[in-house]
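Residue numbering begins at 1 within each chain, and the chains themselves are lettered A, B, C and D in the order written.
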Amino acid sequence: MAEIRSLRDAVAGLIHDGDTVAMEGFTHLIPFAAAHEIIRQGITDLTLVRMTPDVIYDQLIGMGAARRLVFSWGGNPGVGSLHRFRDAVENGWPRPLELDEHSHAGMANRYVAGASRLPFAVLRGYRGSDLPKRSSTISTVTCPFTGEELAAVAAVNPDVTVIHAQRADRAGNVQLWGLVGVQKEAALAADRVLVTVEEIVDELEPMPDAVVLPSWTVSAVAHVPNGAHPSYAAGYTVRDNEFYQAWDPISRDRETFLAWMREHVLEAS
Amino acid sequence: MAEIRSLRDAVAGLIHDGDTVAMEGFTHLIPFAAAHEIIRQGITDLTLVRMTPDVIYDQLIGMGAARRLVFSWGGNPGVGSLHRFRDAVENGWPRPLELDEHSHAGMANRYVAGASRLPFAVLRGYRGSDLPKRSSTISTVTCPFTGEELAAVAAVNPDVTVIHAQRADRAGNVQLWGLVGVQKEAALAADRVLVTVEEIVDELEPMPDAVVLPSWTVSAVAHVPNGAHPSYAAGYTVRDNEFYQAWDPISRDRETFLAWMREHVLEAS
Amino acid sequence: MSDTTNATPAAAPDGAARDWTPDELMTVNAARALHGSRTCFVGIGLPSAAANLARRTSQPDLVLIYESGTLGSKPTRLPLSIGDGELADTADAVVSVPEIFNYWLQAGRIDVGFLGAAQVDRYANINTTVIDRGPDRPEGRLPGAGGAPEIAASCGKVLMVLRHSRRNFVERLDFVTTVGHGSGPGDRARLGLLGQGPVAVITDLGVLRPDPETAELVLTEIHPGVTVEQVTEATGWKLRVAGSVGVTEPPTQAELAALRALKSGGEPRA
Amino acid sequence: MSDTTNATPAAAPDGAARDWTPDELMTVNAARALHGSRTCFVGIGLPSAAANLARRTSQPDLVLIYESGTLGSKPTRLPLSIGDGELADTADAVVSVPEIFNYWLQAGRIDVGFLGAAQVDRYANINTTVIDRGPDRPEGRLPGAGGAPEIAASCGKVLMVLRHSRRNFVERLDFVTTVGHGSGPGDRARLGLLGQGPVAVITDLGVLRPDPETAELVLTEIHPGVTVEQVTEATGWKLRVAGSVGVTEPPTQAELAALRALKSGGEPRA
């Protein structure tokens, strides 16, 4: 059953050095506040998993929290490159970053396999691509009925999945809606689940296109209004497109980046 | 794009002798009216696919429409046996019925593979069961990462899937909610899709837990209020539990069954 | 399956007058067996009655999961079928049938699976597919597997509830639909089955539990007024009997009242 | 990827004053290429602008599908990212990301896939992963595959839209992220790729299309004011030129007005 905890306690209790951590949200409901708490607590040596690493992982990588990244598209959506991600991969700053790189279809299916507790998933994917040459988590299987060869991807089962949602009730049942991305799968694939929410309510009113994670699948809920900023929570906040554009110059330069993180993350709370 | 047609025209246009037909609805939204139209049109030699054959297939089988049944649980839910199904399997009346028999998990995954246009699906299933000995659509695959052997089931891709839904808009977009069962997968796995609906509306108001099938995935929509009776459409009708109980004595005896079908199906419309 | 019911107080095995029936005791006892479980995958019929009773008495937080796709259903009356609208209306979440089997059941998230059966053998393997009726007659057709093979494979443990007769408790299954303990100890592990398998078979005469050493079902408990001989008589194999056989606590007034209130909406049958 | 934009009328290749930019013509031309398609899987940036423009002009019924899980989005302005709330708010249905890839894309339901690229070769294969910067320097990192490998594999056909330069149109890809026509005719069938693959590469200078015999990209169309030499010059391999090269129709006033209205909500970049 989910405990309702402060973000600080929840992160300290659930996320440890060396963990494999998935922080999901497909451009919507990205758990930025939780990432900032991870940075403040100095948790490190993480294997970070995420389809679209995005500004949230640019920050974690730039602060040296990650030793490995599992992903399928690493850019600042609609803006350009992730400079901290590139600097880590190209120059090893602030530390080298190992990569396990997939396509979106492959990553989505890795989570599906993880949520289903199967060791792998099958898809029609990667055919002719060089991606399998660089990944040990892409292989093939042969259909026992037709003889066709298909791609196989290894399940992802994070130690911890962190997501942001619109709301939870006091029992810790979580509800999210709008672009629901791969959050259900990422949560169900993990050993531990931390959810930050915009609001804690007495009762979860049913909503169209909503995903509900029952309390007994969640480890902790933390009440963090606007916890997705600069991403957003449909019905509560709007996407701060200007921040995403501003991130480009902030993150281009190591010192500018560090100064920004110091001011807005390390010294905030 | 879905055409809005009469039930008679839609069945005549989409379903032919010898087709593989899936009529889905997991106790909720079962397309009884469409089955009755198939019986009235004398369409025969069908391979019928359905997780829970139920009274709807008891009627089709008893009237000789089917030569083969693909299924995972054939009973009258909460009541007892399907007498027409048993009579066909045990005594070949009114004609022999071939079976391809699965578990629910297997059948659900066969539809998932069908909807995904993969030749097979993988599950942790059938281990130690005698079911694989009697089916050519159950096999095994080995995980290329862990070496674990898992069950594989062949995709189901019906020629036609028939479902009942609460409503459609005039463009033929279909919306259903409540227990949504395996209908989305069954529809997306098929070459042709016929949907009977309680109501045709100007606009589909979003509903919690709803499945929407866009018009371009549907062949025809027919307006058939109460078209799921004795099953039901949440928000429109309630399940006729008494009918399910009454079906037991009606269906026990061949002549009683035929008389009932004559009166309530063949001479109705 | 249409089981003959054992529902009249007068029909109690020892002929003593009681204010509860063997069926009611079976259901109450099955509900008690859910003690300490958080989540239960519920088949319709007797399992549904027991699971709902548990939720109404000692286990108010028990999460009921139906294969029709409902998580956390809280029905006020017993559903006739797993598709009753109330299961969806009162659920915390409604998901598709593929999702319930893949993300919820197969993933090993469910503490207890609750199964009925047409035939069971000494290792709690189950047949719900076909009955051999002899060389001159065609096989008798049963409903089939439904969710059972994967429920028994994936839940943390399995409870079985069925009426006791030589027709149901057989020396040899005509068909293995669902594996309980296979052919004995270690078989579940060899087959890669996740959970611990059947831990109790609750009947209208008593309770059988697998011997921890041999995995064979042993009579560990009889219901008040039932004799060990009646149970061995109603079992199609030479039933082993525990050194000390307990006697089931009769239903409390609270349990009986809750069960009858639940059922007043309609008696569910198998 | 941050492409340099080619967005000023004054920068038109032949220096002639026009009331549209090469970028606008590229987008308009890409929108026209959607003619006759019912469903389009849309990447963000130039593809999104073109697909939305098509829906605003000649193809009002075009169904836009975004990898963020929206079916039938009808945004009133161009989204900056595929996660803009408006894509969900205006959609016929919103589904999960695994579902969009498995049930919708992989199943071959989508007529056209619209892709950008960092590098493309003569067989319209795509690299969006890494750039070789020479023996003494580490590989340059690009964003990665995203949805592209399976979009190119599974859609009925593929349109590509990118700006024309020797940096983008290369003799040899440093990494094959996504297969277009592989190493030539028959390769898609050998690899088991479903759709017909790239049918046009639309740039700010003209349009390349695969030769039906050899699958090699051939210059078939140049934009007004552009010369064939400018295009061959901007291509990193010896570009084949069709026997008769067409000239693109300039944007109509209606197309330009619709495009500018769409963009007034914010200029999307790659």
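Things to note:
One rule holds for everything that comes next: a contact is a pair of C-beta atoms (placed from the backbone, for glycine too) under 8 Å apart; a residue touches a chain by one contact, two chains touch by 3 or more.
Remember, predicted model here, so these are calculated numbers, not experimental data.
Between B-D and A-D, more C-beta contact pairs are found at A-D. Rounded to a whole number, the gap between the C-alpha centres of chain A and chain C is 41 angstrom. Mean C-alpha position of chain A lies 28 Å from that of chain D. Chain C and chain D have Cα centroids separated by 59 Å.
Each of the following residues of chain D touches two or more other chains: 93, 102, 106.
Among the residues of chain B, those touching two or more other chains are numbered 117-118, 123-124, 148, 184-185, 209. If each chain is drawn as a node and touching chains are joined, the picture fits none of the line, ring, star or complete shapes. Screening every pair of chains for touch gives A-B, A-C, A-D, B-C, B-D.
Chain D contributes residues 1-2, 44-45, 67-70, 79-85, 87-89, 93-94, 96-98, 101-102, 105-106, 129, 138-141, 143-150, 153-154, 175-179, 182, 187, 191-194, 266, 268-270 to its touches with chain A in the complex. Those residues of chain B whose C-beta lies close enough to touch chain C in the complex are 26-28, 51-52, 71-75, 77-82, 85-86, 89-91, 101-105, 108-109, 111-112, 123-131, 148-149, 178-182, 184-185, 209, 211, 231-232, 234, 238-239, 241, 244.
Within the complex, the chain D residues that touch chain B are 38-39, 63, 71-72, 92-93, 102-103, 106-109. Of all residues in chain B, those touching chain D in their complex are 115-118, 173, 184-185, 188, 212, 214, 216-217. Across the complex, chain A meets chain B through its residues 117-124, 137, 139-146, 148, 150, 152, 154, 206-210.
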